[in-house]
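Structures for review follow.
Both complexes shown next keep subunit A, but they swap its partner, so subunit B is in the first and subunit C is in the second.
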Partner chain A sequence: MNYELLQPDSLSGAMEALAQHGDEAKVLAGGTAVVLMLQQKLIAPTVLVSIGRVPDLDHIRTEPDGLHIGPLTILRDMERSSVIQRRFPLLAQACGEVGNVRIRNQATLGGNLAEADYASDPPTALLALGAQVTATSVRGARTIPLEDFLVGFYTTDLEPDELITDIFIPASTPGSRMTYLKYKSRSSEDRPCTGVAAIAAFGAKTCTDLRVAVGAACEVPQRLPAVESLARGQALTDELIGEIAAGYADSIETLEDIRGSARYRTQMIRVHVYRALEELRNGHR
Partner chain B sequence: MNKAKPMMSNRTLTLQVNGQPQTLEVPSGQILLETLREALDLVGARNSCGIGMCGTCTVLVDGMAISSCLTLTAQVEGKHITTIEGLSQNGQLHPVQQAYIDHGAFQCAYCTPGLILSTVALLNEHVNPDDATVREYLAGNLCRCGSYVNILNAVRACHTIND
Partner chain C sequence: MKIEGSFTLRAPVSAVWDYLLNIEEMSQCIPGVNTLETIDANTYRGKLEVKIGPIKAAFGGTVTLLEVEPPHRIVAAIEADDRRNASQVKATFISVLNPIADGTEVTYAIDANVRGRLAQFGQAVAQSTAKKMAGAFGSCMQKKLDAGEAE
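Moving on to the complex of A and B:
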């Protein structure tokens, strides 16, 4: 374990350290993934750039167009934030179901997104919410829709010198109902086997907008706009819900790991998309 | 640029451990669990899974339970660390410690320091937690002896103490 630990106390200091060390450097936020990998000797960075001392990166800030969340916000603060509970309850749910309390006290939202582990909860909720990630380096800042940010297994669109500096969630249609269903196939504090995030807006009798994201069962969380649009202007009957659930189960290429086979996951997607939409229709939340 | 790998340097830092400032020289990549056990001889926090799942290494940082196996000591510089050794006051056990004894909430007790610290953190956050809250909160502290029923009884007894 031969690396140098840098603890810059400003954003510019952190960005300069990354600009200088680039590929050789690893960002350290809460450390639940990085320290684990260092201890297991799975990574061997030359320089570790801790951003824990950079001020003002743990904001949860309401603006007219939506909510801005700082990357150093710990998952426990996401779960307990009254603004998030009120406006984006599925995100409070998804963050509140991550691992155990100790992990949520330490793990940051930025770290969760940058790690891009498929067996994660917050990214699926954030995808349904249409979140955007701001990445900043000495070269400037750019905003990336989450579906472009999450590229594949443990892979994001971030360049080695870039830091996540903000996560933005656009305001959703007032009165929208939303839910996150985490399905765990092993123990109560396990990572997800599948995760389903669903958001629906309703008119007098019909659904005016539906967004469904499925994660943890596949390489990156996915939305299927063509299937979502089946609901537009329709009443969410059992039959239609079944059709949408089948659409997700049939289209998503599932993966196989210790938490379930690919076939099992396909079935679990069908079941949990169905349950999520039932819950939204019945207005449980 | 010098491409030679830098050697892991030592650094001097100050932690507030159980109310006492401790100035230590530790390798900059050392985990808190190791610092507590090796440099400070506080061996109540124990290494078991090393991956954040079992809770035997639980300590409180500014009152919040964390896994000291996944925390670099340098990350908690200047913060208040509470270990099981710091709970008793003037020779009096903390009420949570006493409740665990009264309810026989352990067998081998390997998990106990972590569970007691998690219980203290739980009761800091919730005055009167219901069983579901207790179960959810303590789910990440595993007890291989299966003392869970008595642990739950001990925690229930703690909030009558709190009342």
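Moving on to the complex of A and C:
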């Protein structure tokens, strides 16, 4: 491992370092992913830009239109944040499901998104929430909807000189119910075989809005607006829930890895979308 | 691991076959192939670079044609290694050309044995990467076939 370690103490210093070294540089946040890749010699950057000394990147800030989360916020703080638990409980759940407490005390939300590992929990929850990522470079800042940010396996829309500086979650309809169901096919600390994030708002008797994201079973987490809209203005009967679960199972091109075959994952999507919607309808959360 | 897929080309089987068997020309359509040299009638040596997110793999190795049944089926053995990632690949590649209504369907099946650090990425990443490469290969080939027809 032969790299130069830079530890800028300001955002502008970090962005200048990335602008200068570009593709040769790698950003180091919590290091749970990057250090493994370095040790395994899967990546060989000439410069590591550690952003740990850059101030104000670990905020959890409530604004009238939603919640702003700094990229250096560790997953453990996401899980324990009272504002996230109250307003976006599925995000606290999803962050609390990652690895184990030692990993969550080190891994950051920005790092999790930038790594873009398909077998991860927070991106699926954030997709259901309609999150947006702000990327900043010396060229300026731009805001990217999460569905455009996550491009493919370990691949994001970030340019080499860009740094995630904010993750924004728009406010949900008051009274929305939400849940994240992680399904693990091996050990208790395993990465997800499938992850389902679901958010529903209800009127007097019917569902007024439904958002469902499925991740870990496919290259990037996916929402299916056409299937989601089946619920709008309808009561969530067992039959309708079954139809929506089947819509997700039938439409998502599942992948195969050590945690399950493509065929198996299709079935697990059906089961867990069903369970998530059942839970929302019955008002457990 | 097994990787399978197919793509279609708007050209008759015979034209596709002739193009595929012109290995040096054909290899220019494979994304990431930067050198290919002919060792003998059935053996070629080349280099292939693949990028998966932050990870860059550079394989060098040989392709040996084992079975050639014109104009229908080809079987090749691939042996390659990536020194920087300390990984090796041994694979069997089978491609079959099927005539369809408006052209040719090209199917491919790869049975690969990957060892070393890159092995952890497994089936899911390999399948998706192969699919993207096949897509790019198909559209490049279509262009070359169209250009050849125009001449």
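Just so we're on the same page, the second predicted complex is superposed on the first by the 285 of 285 C-alpha atoms of A that agree within 3 Å, B and C clash if a C-alpha of one lies under 4 Å from a C-alpha of the other, contacts with A are read in each partner's own complex, and residues count from 1 in each chain.
Simple rule for what comes next: a contact is a pair of C-beta atoms (placed from the backbone, for glycine too) under 8 Å apart; a residue touches a chain by one contact, two chains touch by 3 or more.
The shown structure was predicted, so the numbers you read here are calculated from the model rather than taken from an experiment.
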Going by the contact rule set out at the top, does A:K26 touch subunit B (first), subunit C (second), both, or neither?
second
Touched partner set for A:Y154, first subunit B, second subunit C, both or neither:
second
Output check: A:R102 vs subunit B and subunit C. Expected answer is one of first, second, both, neither. What do you get?
first
Between subunit B and subunit C, whom does A:T206 touch in the aligned arrangement: first, second, both, or neither?
neither
Looking at the overlay, does A:V35 come into contact with subunit B only (first), subunit C only (second), both, or neither?
first
Subunit B versus subunit C, judged by how many residues of subunit A each one touches:
B
Identify the partner contact of A:Y118: answer first if only subunit B is touched, second if only subunit C is, both if each is, neither if none is.
second
Enumerate the residues of subunit A that count as touching subunit B in its complex and touching subunit C in the other.
40
What part of subunit C is in contact with subunit A in the complex they form?
52-55, 84-86, 117-118, 121-125, 127-129
Could you please specify the touching residues of subunit B with respect to subunit A in the complex?
1, 5-9, 11, 28-29, 31, 50-53, 55, 58, 64-67, 69-72, 74-75, 118, 121, 136-137, 139-141
Listed in rising order, subunit A residues that touch subunit B in their complex are 1-5, 7, 20, 28, 31-32, 35-36, 38-40, 46-48, 50, 52, 76, 99-103, 105-106, 188-189
List of subunit A residues in touch with subunit C within their complex:
26, 37, 40-44, 115-116, 118, 152-155, 219, 255-258
